[in-house]
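One structure, as structure tokens, below. Some questions next.
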């Protein structure tokens, strides 16, 4: 790392932290200012969107790193180091997760975001309260605040523990060149994948699916995995291209690496579509009301009139699958830097839209509306952007801090030469 | 080599970093052990086809043919009497027929998967096992196809399933999962054959050239005149047989260029195909509203299960072959390790799905769904459930241990257990949900009839017969691709490595 | 009877020398020539100065045909020619026939790929003059060869022979058509 | 000469492909024509044990279909008459005719005449005669002009496509109930009468099933 690099990293980190803190402060303001509106949960959802966007990226990178270890992948060794920098964000994400639970408790409305956290919340359509809901009573052993806290802590411990050791051993190899570190990382990864799969599935259920605790789908954890992988690949690609343009990875990150990352992006684009389509297809075909309503509120408002989510749903099919799929099929897209960055940004944008589509729609109690509720529509609030920028700022700051702690590439990794000399 | 603009502009700081690069040494077993050269590889693989069939081959073939005749008898029995001779009766109208179908289709998945996904993932170790695995795929699809075909009852009308203008002046019904199956399985079979055949073209060329060379040399050192002329006629047969099939392959650089691209593309097409086929098989169950069948994780779970059972079968077949043909330098411990690890991985994914199903059955708060799963674990079929769970989830956990992976006979036994477990998985899914459906008054207990057992047992014979024929007439391993992963094939360095060891 | 000449073949001792010889033949400006080895050599297309293979075009055309055919078939059979009420599904929708459309896409794309490989390689060509050369058959084992065809404008018996020798070739011989 | 094949072999593959395409087309066309009920069923006219002429009885003598095929409007199944129905006339008319020897023999012995069945839908198809004839579907729609047949033959396809054609557009086939057994009835062409007939579909609540379970029960 040249002095110029260190300077760049320091200043970027500083600005990222500054912008992040300002944006987060603004987000908090958004949460409190939204409390009086007719839909007080929207501010929390902004925060949740911002958090889950970055969390999905970090989780995806944690998955990739371990998958590469388990498969003994050689070519991505230099990219793996960049992933490891990103893995430093979990403690900060945990801190940023806390307000989602604590603020509602503080203001005395614990069930403002996750309805089931407050038994006295009304159910949409005048069906009494959560407490009286037999579906909630059945699940209350799992869905209650104590269990929720304990599980959240465990999930973050798993995320943090895995990332901590993977980072530690990899950074340590730079100094000692000890082959045992690689062996340990491989062993941890093979176990870690199971831990991570379980933790991220349950986290997806706890934090996203339980926003609407009536609905259930066994595929949900896999969807979250697929979406995370897409986001993670896009981010690590943009990151590598940006830092190599700035000189940090110059000359090491080559066309062949871009091509292979492009192929992985294509693969996970297909995988995401496969998972999302299968889930829809099975629910469509079986046509059971307990399941279909989840898709119905994402299409129409109950009277057959299409709502805003209908357009978003179509957008996901075309813009989140078909367009990137066709672009990535093309060899040129996978090697020409500008096109690849374009596709990566495109995927990230629609990954965000996918999160909106999954998290935002829901029935908002409004006694003046015809059924006593209306369906929360698609909208991009200024506080959504603040939360995304805010959490992102903290993440980038954390990445910059980490970049100063290790070499740009794992110089003593056993596979480093294979990665440096990688060709198509 | 790929030109790269960023490459040209390495500054001093970067150079200093690159100078610091000092990779730690990692012991890794090479893919072809004992410093073998190209000639050895060519000979080793071609001799399997060219030498006389060993005695064990004749023994196995006789046993296989006898067993295969069971299927024939079972089917004759069925066609002459009616589909009622199978143990299918209300409420279990899908019994062994579908269980066996899904079982065989699942076995069929590892072949194309090893070739396709591992090719895309650039896993060099695929080369020693992919050909046999692909052959296994095709033969397993043949065995699988028998069951739904005869399950339709009036098998002579089975062609109504294809989009041909038919006797009733109506078209196939594309809203039926059965129709999806027809397309999925026939596409899968066809594409697998194409993939298999294309991969074989260069090797068929090798066999052709060797036969021509032997004929023109005219030297046959056999014990008697009769054997000599038999060997000569065999070569004449080979010359034409492989000559036609090799399509004039000449090993040209241009050929290889297009061939490699086409191979990569076929791999790219086969991967989503492998996924889709078992996905569609899972749709057969999952689009229904029956508790225990309708669950959205079925597609990836079936796919993982299929890969799992497929690798189980590859191990079951390759371990004896390795011993019988002395292929230890080509199928090394590293290959076995990798296959064991994939079994471990996919077995655990299957375990994840079992647990997720249970959890969501409870979380979904649907009493029918909960009952279906409680019933699986503790009901009248719990014995099958325990066999399934222990074979599929617990057995592969032993693969964590190196000592287990290195014990070939233990691995072989475990691979058979995996196959047993996966058969029971399909049995559990199919039968438990049907036997105890929404209406307790119609609950029943399924038992197969002798015809079921005959037909199913016979498919193993059919499968073995086809596989033994494959061993006899087609190259067991892709010679060109094995050479490609050997150090001598590297155009940069390692010169003379190959020659020295001669 | 004056026999026509197909071209000249030369053997090389190992992969690196074949690779570097190929680079030299390319740089010498020959057009009708090729390398022969029983395995694909990494990076050989670049050494031979060949562009990326055109097979993907065939795959794409095949896939597109399959998708169109699948969609049209389901629509024609289930919604146009013989609409039939089944399970409350619409007569046509992109959802339920998706498996059919998908499988046909893959099927025809695979046929396109294999066909593309054959067409781009000008195969099947069961007869080829090179098979007349006994040494050429050893390529199947471990011989590595370069053949320059007589139809190349630069072909000249003596000069080409010397050229092949100069780039490390041995066992040079002319092959009759 | 190490070439296995002569030079002309290089043109064989393209010929094989063309030949395969032609053969495939021929097979599809062949199946389309020869495997359809139009080919396999229509025109089937077995020789019956008694040379009973529908042309004479139903056509010339104008005996109503229901005289022999009793219960067709009450039962799902249309019956073939027993020998006693024949004898209700033939105990007087042509009582010693040689052509009726089998009928008399059957009447004396009680053994039914082994008529050969001409029209038959597969056993996985449920067909109810009464429902059809009581809602204005004439015998002629499925059996053809039996009153003009010297020997009864299979006139229509009776394939699933044939059934569905009518189930989709019943107004094109329905007729006034009193005209069901009049095989010579002709559809009116003037718009008023056509409209009147089309209204039967609504007035009688004709709602022919088009779902699988309508017929495959």
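In this document, chain identifiers A, B, C and D correspond to the written order of the chains, with residue numbering beginning at 1 in each.
We take it that a contact is a pair of C-beta atoms (placed from the backbone, for glycine too) under 8 Å apart; a residue touches a chain by one contact, two chains touch by 3 or more.
Note that the structure is a prediction, hence the values are computed from the model and not measured.
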Notebook entry, point to check: Which pairing of chains gives the most C-beta pairs in contact?
Noted result: B-C
Checklist line | chain B-chain D separation of Cα centroids, rounded to whole Å | finding: 50
Notebook entry, point to check: Taking each chain's centre as the mean position of its Cα atoms, how many Å separate chain A from chain D?
Noted result: 66
Margin query: With centres defined as the mean C-alpha position, give me the chain C-chain D separation in Å.
Written below: 58
Checklist line | For chain A paired with chain B, centre-to-centre distance based on mean C-alpha positions, whole Å | finding: 35
Next item on the list: Quick one: which residues in chain A touch 2 or more of the other chains?
Entry: 281, 285, 287, 423
Note to self: Residues of chain B that contact two or more other chains, please.
What the structure shows: 1, 169-170, 212, 216, 243, 247-248, 272, 283
Checklist line | Per-residue overlap in chain D, given as positions that touch at least 2 other chains | finding: 2, 4-5, 10, 13, 161, 164
Item checked: Pairs of chains found to touch, sorted by chain label -> A-B, A-C, B-C, B-D, C-D
Next item on the list: Could you pull out which chain C residues touch chain B in their complex?
Entry: 13-19, 22, 34-48, 50, 52-56, 59, 73-74, 77-78, 81-82, 84, 86-87, 89, 96-97, 99-100, 102-104, 106-107, 109-111, 113-114, 116-118, 120-121, 123-128, 130-131, 134, 137-142
Next item on the list: Please give the residue numbers of chain D that touch chain B in the complex, ascending.
Entry: 2, 4-5, 10, 13, 28, 31-32, 35-37, 40, 157, 159-162, 164
Check: Can you name the residues of chain B that touch chain D in the complex?
Finding: 159, 164-170, 208, 212, 216, 239-240, 243, 247-248
Notebook entry, point to check: In their shared complex, at which residues does chain A touch chain C?
Noted result: 277, 280-281, 284-285, 287, 329, 331, 423
Next item on the list: Please give the residue numbers of chain B that touch chain C in the complex, ascending.
Entry: 1, 37-39, 42, 163, 169-176, 179-180, 183-184, 187, 190-191, 194-195, 198, 202, 205-206, 209-210, 212-213, 216, 243-244, 247-262, 265-266, 269-270, 272-273, 276, 280, 283, 479-481, 483-484, 488-496, 498-499
